[in-house]
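Structures for review follow.
Consider the two complexes below, in which subunit A is the common component and subunit B and subunit C are the respective partners.
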Partner chain A sequence: MRLVNFIAGRIAVYVMVLAVGMTILFFVPRFAPTDPVDAMLAKIAVQSGYMDASQVDALRASLSDTFGLDGSLLEQYGAFLRRVFVEFDFGPSLSMYPTPVMELISNALPWTFGLLFSATIIAWVLGNFVGLLAGWKPNSNAGRAMEGLAICLYPIPYYIVALILSVLFSYVWAIFPLTTTIRGAPWSWDLVRSIVWNSFLPAMAIVITTFGWWIISVKAQTQALKEEEFVRYARLKGLSDARLLGRYILPNALLPQITFLALQIGLMFNGSLITEIIFDYPGLGLLIYKAVLQGDYNLLMGTISLSIVAVATATMIIDFLYPLIDPRIRHG
Partner chain B sequence: MIEVDNVTLGYGSRNFITAVDGASMTIGRNEIVGVAGESGSGKSTLMRAIYGDFSTGLRLRSGRITATFPDRAPIDCSEMRKTWWQDISYVPQGSMSVLNPLMKVHKQLIDGLPKHKRKGDRRAIRRDLETFLAGLDLDPSVLDAYPHQLSGGMRQRVLVAIASYVGPHLILADEPTTALDVVVQKRILLMLVEIQRRLGNTLVLVSHDLGVHYQIADRLIIMFKGEVVETGPTDEIFANPKHEYTQRLIGSLPRLGTRKSTVTALRRATP
Partner chain C sequence: MRALFQDNPFRLYIGLALLLIVSAIGLVLPWFTPVDPLEWYTAPRNQGPSGAHPLGTTSLGQDIFWLLTWAVRNSLILGVSVAFLSTLIGVFLGLTAGYVGGGLDRFLSFLMDALICIPTLPILILLAALFGGQLSLVAAGVALVVFNWPFPGRQVRAVALSMREREFVNVAWFSGERRSRILTRHIFPYIAGWSAANFINTVLVAIATESALAVIGLSSASQATVGTMIYWALKYQALLGERYIWIGAPVVVIVALFIGLFLMSSGLAMRSSERRMSI
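And then the complex of A and B:
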């Protein structure tokens, strides 16, 4: 019964977070001084030359309808919520009219997610492994070297690493492609190879810049845990180092790391703007970038909604998973 | 069983800080030895050295500690590690964080054992654990509990059970009743005595609480400022304390029928 209450409560919080997020998302652009219909009309007027007033009015009405700007603010709000939560429809893209926003997003999503997910998992596993060993023997040469490496890598801005990799491995030694071009029929080996080939450099750049942070954080955890009473007690029981690390330190050190990982996965839906620009990678980041540059309100609303939903969902999933990995929360 | 011969212990190498200064004592078979003394008297440091735990900067500057367990050649304390959780085990103070919070009690009961005893038929091990706990008047349901689900007293009893499940020749208990209420204290002391009687082994009990020693120790070792100031059978020491510190320590115990404040006696004794 307590479990049912917990799940129901958590889902209620989730729905509320989404509602608040979507409400803010709805109202903020409407307080902006620019009117997308006027902007569009101006654009059309420039292209088509003279239009008489009745034509302009008809166009204005039709555009207001397409953009969902008809009726009072409350009516618009209701229509917006219905479209977001019931129909999953953000209307057509304004800059790539008339392609629906959802189609653009669903084309870009697998790219971004595939790249960021694999890069984040690789960095997480590597970083935790190295950090655990570095924290276990912090005064050994290897431990010091690993910490030095992490401290050197961690503060380097991402775009520097990305540019260096791009210049070195696509320009000086043309091993990897400079911009992303994917070849191969859908669901073929050629396609997979092409994707891996094109994603290698951006993924490396992400791994290099993020895994320092994982090392530093898990190393601090490990060093703190080493001084814990239960680790000392287990050592006095005569447990080998391997079992001490594997059964006592690692599970306890990973708990906070799992939280961070899940949040990272939620944030992936924002795309990775700089990566995608530098490597011309057809993901969500590039899509958002274009939407901002071209004043594509619908596309912007669509991508931001997606990231609200993704972050809220990811945190909810952690909350549901946490009782499974931490007994203190399960029974507490 | 344990010979401590003129041992000086301390911490650090360049700035050596002495914690135990020229202590000697003998711990025999089949007895309960109480080690008493105030905080900082060196009793825990001496216990760590006997246990052979030289991990955090503890150093043996001079003297020898030798252990002679049945069926084993005498060994030096620097090699005690080989006997951990076989010939010797240890009961820590049962604080909140002394057990792994992510591991059920039954795993922590057996994970100090050698591999051939840990692995094998799970059901047989489980049955064995259940009968063992029942013998100690502990409910088998604690096996499936996580540490945070145990009360302070229960946690301490589990720690005693973990140390005695090994069936060792020597159990060191470091302040096992501190921070527990008197009723629970009594239960744990009875449990320790019961285990000692059953195994016929040796229990070394470290406590600053003379009342605890009075209840169960056969022999007492009194430490003061890093030195062993008095040893002898508990009854004799309580009846006729020889060292000035022991006299004041015993004088400070509250007694029925006396009204005089006894705190001043100790205050004078601890400069």
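And then the complex of A and C:
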């Protein structure tokens, strides 16, 4: 029963996130100081030179449709929601006409997902492992050094780390590529090697900026748990350190770490956008950036709506890991 | 070194020292600028450090040292204003939700959870695109407040919720004190420490987000912030031209500022969690 309540509550929050997010996306263009359609048409006119009147009218109709500017406000809102959640259709890309926006997004999404997923796993496992040991022996030199390192790394923003890495390993000691170029036939080793090679620095940037936090928080958890009576009792029983850490402390310390992971996904997504732009990595971040530079509003609305849906979904999936680890929710 | 990570006050002192240095750069020095450092070609271009220009000059003929002081000032003003408003709104709504409870609490909790899950940067990028490619500092600040008040809000709500069941609050209630007085006199003191920690953390988040936007060229280019300084340096190939001070100076300052802010906020949070335990 408790599990059902937990899942139902979580899904309610998910629906609320999407509702608030989409409402913001719906109203923001309507409060912009300039009419986005006119601004857009002016920009296209400058870029493409001469356009005849019928072309301009067709574009205006397509743009009004993108922004959902036809009909009353309520009708517009309904149409907007339908497009995002039912039809998954954001129209054609304006800068890469007539490729549909959804096609561009579905090409970019695996890159962002792969980069963020692998970097997060590496950082989370590494950070929790180091933090656990540091918290177990908090007064050892290694424990102190690790916490000091974490305190210095955690507050540094993604783009700074990304910049420093690209300067060090692409300019000064040029062992990694400065921008991303993926080569190789599909399903070949060359392709895999090329992907790993090109993703290494962006992934490192995300790992370095996030793993400090995992060290800091799991270390604090471990130190507090060590003083708990059940751990003291287990130690008096003569259990080995490995068993104490693995069976008594680790499961309890990991619980809040999963909550933190869910809370941090949004921030990490922001970070991966910037990292992708700096390394020219072909994911969602680069696509959003291109859409802004080229004034491609169809692409912009599509990518940003999808970012919100993606982050909300990822957060919910992580929250669903909770009952797997916490028996109190499972058997309540 | 030993006491540094063991003793919270020490952590606070180091953080405070870093913050004082950066604040001196950003809040005191800008008053003494000889010329408007934003103005192009007021100095010879691409100079190394010298007596007249302590950190050299940019490719646009600006003095890096004075430009940096203005950049730090604007970033600090943005961060502090966003943090002030977010904390104010967050504490107010968090207290209300936690203390009043019921339907209002459920609605506010839902709203806070939802806003926390929405990634800020894409929304700011959309705003920048709609505002013609660049987002003014005021608009960026307003958007940051909208997405940052739920962080203090959630925490304050949790504290208020647990305080509602405490004996002394009940005593105050039964002796006929008004609700507003109970909130301000009895509950707020317990929230003050958390709010201070949150405030400092929000300063950090606001400055970091604005400069992320600036580094990709979507923040106001007519204002100097630490982020826009990095943007111009990258745009004019400061790295290829080996003009490392131009890009290095804002990077060093931002790292010092963030470590200082983080040490302060985590030190304060630790202190208030100790205090809460000891009640």
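Operating definition for what follows: the second predicted complex is superposed on the first by the 269 of 332 C-alpha atoms of A that agree within 3 Å, B and C clash if a C-alpha of one lies under 4 Å from a C-alpha of the other, contacts with A are read in each partner's own complex, and residues count from 1 in each chain.
The rule we apply is simple: contacts are C-beta pairs under 8 Å (C-beta built on N, C-alpha and C of every residue); 3 or more make two chains touch, one makes a residue touch a chain.
Just so we're clear, the structure is a prediction, and the values are computed from it rather than from any experiment.
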item: Which superposed partner A:Glu228 touches (first subunit B, second subunit C, both, neither); value: first
item: Partner chain in contact with A:Asp326 - subunit B first, subunit C second, else both or neither; value: first
item: First, second, both or neither for A:Thr180, with subunit B first and subunit C second; value: neither
item: Subunit B versus subunit C as contact partner of A:Leu236, first or second or both or neither; value: first
item: Residue contacts on subunit A - larger count, subunit B or subunit C; value: C
item: Which of subunit B and subunit C A:Asn198 touches, first, second, both or neither; value: neither
item: Partner chain(s) touched by A:Val17 [first = subunit B, second = subunit C, both, neither]; value: second
item: Touched partner set for A:Tyr248, first subunit B, second subunit C, both or neither; value: first
item: Residues of subunit A touching subunit B in the complex; value: 228-230, 232-239, 243, 247-248, 251-252, 326-328, 331-332
item: Parts of subunit A lying in touch with subunit C, wherever the complex brings them together; value: 12-13, 16-17, 19-21, 24-25, 28-29, 32-34, 36, 39, 139, 144, 147-148, 151-152, 154-160, 163-164, 167, 171, 216, 263, 266-267, 269-270, 273-274, 277-278, 288-289, 291-292, 295, 297, 300-301, 303-304, 307-308, 311-312, 315
item: Footprint of subunit A on subunit C - complex, ascending; value: 1-2, 4-6, 110-111, 113-123, 125-133, 204, 208-209, 211-212, 215-216, 218, 230, 234, 239-240, 247, 251, 254-255, 258-259, 261-263, 266
item: Of all residues in subunit B, those that touch subunit A in their complex; value: 51, 53, 55, 81, 84-86, 89-90, 92, 95, 97-104, 111-112, 146, 148-149
